[in-house]
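Two complexes follow with chain A in common, the first pairing it with chain B and the second with chain C.
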Partner chain A sequence: MNRNYYFLTAIMFVLALGTLFISERVVSPQISPDELLWDVLQPTRFVTTDQIAKRLIEKDPSLLLVDVRPAAEYNKFTLPNAVNVPLDSLITPAGQEYFGNPGTKVVLFSNDAILANQAWVLLRRMAFKDNYVMKGGLNGWIKTIIQPERPPQTAPETAFERYDFRKAARLYFTGAGVVNSGKSSSKTKVVFKRRKKAAVAAGGC
Partner chain B sequence: MGPIAINGLISANLNLVIAVFLGMGFGFVLEASGFSSARNIAGAFYGYNFVVVRVFFTAVIVTMVGLLYLSYFGWLNLSQIFILPTYLPSMITGSVIMGLGMIIGGFCPGTSFAAVAIGKIDALFFAIGLYIGIFIFAEVFPFLEKFYLSGYLGHITLTDLTGIKAGWWAFGFTVIALVAFWVTASIEKKVRKKIKEYKF
Partner chain C sequence: MHVHELNPKKTLWVLILFLIVIIIGFFTMKRPLLKYQLSLKQSTKILKDTSNNYFYPYQLANVLDHKNKNVVIIDLRNKYAYGLGHIPGAKSIPSFNLTQKGNVKLLKSYKKNGITVVLYADNQLDADGPWLFFRQVGFCNIKILLGGYDYYEAHKNNLAQTKTDGSYLKGIPRFNYAKVACSKTVTAASKKAKKPVVFHRRKKVAVAAGGC
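Our next item is the complex of A and B:
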């Protein structure tokens, strides 16, 4: 028997012995710093309160509102059908189940856009896609949808159209003699799919 | 971070190019290890040539141990690699049929093409038979479908099934393989003494 076989056998044995002592590395997906910087600089993640209001009125099933404020503030008031994922529980597995589900667009909001923005950056870093931030947050919501301001006479016609829409939306959301009543409907359970594993290579023998 | 193709480190086109070269390398190694000879392959059954056992065991343990180290160094994400889904009854049946085929025909599908490449006529007939078999299987598949898809266990690994760490499996298989190398070598010696003429 060739002497090389003894060496090869010994090397393979030592290497295999080594596998007993190494731990498997659990890798959480993340994107590169360059990509993150590029995405952070893009304003495309912002959606306006008007867009959200329109989608809410249309009952768009692909829209998921996520309130990133602390639970106490969420319990006081929030947007219709919003779920609560406080910023500090964003990295837990339970908090992440709302994100990255195919066919769902997640809109994050807080009192202003700062907390929501932070949440967005965290999620982007964890390679979640299809997340958006509501511009102006709940303060902006109050200012534009709940208490819309009449545009000046010299404003373009589109401004008046938007004003009309906001007035109608205000009726819709505040329930001033119109539909959408009852507090119970404001917080519904969201059925979500578990986040799929990252893409796997297809193939075989 | 691997797998490089699906994590976008290389383009899909480059992936195809690499696949071609890997295929060539695979074919070359099959031929160079003597897998293009039906006698070598059937020899594992008759006990005079265990090259099949040795080559495949080597491939298995090098890959097993290598993947664990690659994962440890952070070069490969093991949760992203392809794991063949397990259908227990059909897999057992399939491997029995394949084993019979290897003894009777002297090739397995990949090696038959390696042997066709160097002009073996028996391999050519084996390859033709392979396509006939594929055709027959496709035709009777509706009758077999229920059995074919029974006992589905998902994309599981031995670690998922038993809860024993992957390192132990790798170590265990390596020990079995290394023992098998030396045991088969001694069996070969004994059996070959009785064979008057041996060439492949």
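Our next item is the complex of A and C:
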């Protein structure tokens, strides 16, 4: 046997040993910076509170609301069926399970659009698609859906239609007190006042 | 015995040619202008620790008075909006031109000289994306103007006094959501102290007024 073969075998063996030390770190795919900036500058990721309200009322199964605020704030109040993915867990595999699933549109929201937008940028960098940001955030949600403002008389008809929709949506999301009003504990006192009889006999047949 | 071993000189030439091609390829390779300098973990960290991110409107007063010369203001809006009105001394770089070679070079020179760059657009949200992008590609000297141009335009005559004004701050809940938007508490609000209902019967006229 040629001495070279021993040599080659030795090299192969060393390389094979090297594979034992390969770490299991999986590098998640990232898009290039240029592509990221281009996508960041597109306004197509923003959706309005009206659109979200409509989807929620229609019970759209493809909609997934993601609350990116800290867990403490999420526990106090959130939108119907929203899941909580704070900024920290956004970059963990557990938090990323919600994103990039075919057939779902993820809408991120926070108090304003700022934090949700930042989460969107990070997600886009991690090459996730089909994510949206609710413009105005929860503050906007309260202002438009929960406490809608009546448009001025001179507003176009569409503004009034939107106002009507928002009033109806408000009833849908808050219940507007109809459910609980029956149970109110302090019952209203009813006071009857009997009429006074007139002094003189007032006739009759 | 292989064929090329018969002519060692030829082999050498081929080797040299091969090396030259690789070296030329290496030098003419198109390198990306910008690369991510922050990992995703670092990015979330700077988003939480906001001390180095923001430029407040009241800080503008010093810049406009030429007291603070270490600040460059960049207008990200389009040229038309810039032409209609902008912060005095602001440089116009529409956001779509940000990664042009000249502009990146300019930003790099600012970073080298320790100059703070302040980005602004109509509002904070419009400048937020480009700002976060530049932080991720390593420009730690870039800040974002809170309130944006809209707030500046409304307060340009009393910028120094806006220190106590918090209306431009974002990310703060402006409502007690749980109170305003949940069904139970809405009923509580409408359940204000109820007045007892009093029925008043109309009084009969004093004198006998008829009959059958």
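Here is the rule we go by: the second predicted complex is superposed on the first by the 151 of 205 C-alpha atoms of A that agree within 3 Å, B and C clash if a C-alpha of one lies under 4 Å from a C-alpha of the other, contacts with A are read in each partner's own complex, and residues count from 1 in each chain.
Following the convention adopted for this analysis, a contact is a pair of C-beta atoms (placed from the backbone, for glycine too) under 8 Å apart; a residue touches a chain by one contact, two chains touch by 3 or more.
As the structure is a computational prediction, the values presented were derived from the model and not from experiment.
Once the two complexes are laid over each other on the shared chain, residue contacts for A:L20 go to chain B alone; chain C is not touched.
Put simply, more of the residues of chain A are touched by C, taking chain B and chain C as the two choices.
In the superposition on chain A, contact of A:T9 is made with chain B only, not with chain C. When the two structures are aligned on the shared chain, A:L90 is found in touch with chain C, with no touch to chain B.
Of the two partner chains, chain C is the only one that A:L115 touches; chain B does not reach it.
Shared contact residues of chain A with chain B and chain C: 198-205.
Every residue of chain C that touches chain A in the complex is listed here, in rising order: 32-36, 40-41, 43-44, 47-48, 95-96, 98-99, 124-125, 128-130, 132-133, 136-137, 170-175, 177-178, 180-184, 186-187, 190-191, 194-204, 206-212.
Looking at the complex, you find that chain A touches chain B at residues 1, 5, 9, 12-13, 15-25, 27, 197-205. Considering their complex, residues 30, 32-34, 36-37, 40-41, 73, 76-77, 87-88, 90-91, 110-115, 117-118, 121-122, 125-126, 135, 138-139, 141-142, 146-147, 173-177, 179-181, 184, 186, 188-196, 198-205 of chain A touch chain C. Of all residues in chain B, only 1, 3, 5-6, 61-62, 64-65, 68-69, 71-72, 74, 77-84, 110, 155, 165-168, 170-171, 174-175, 177-178, 181-182, 185 touch chain A in the complex they form.
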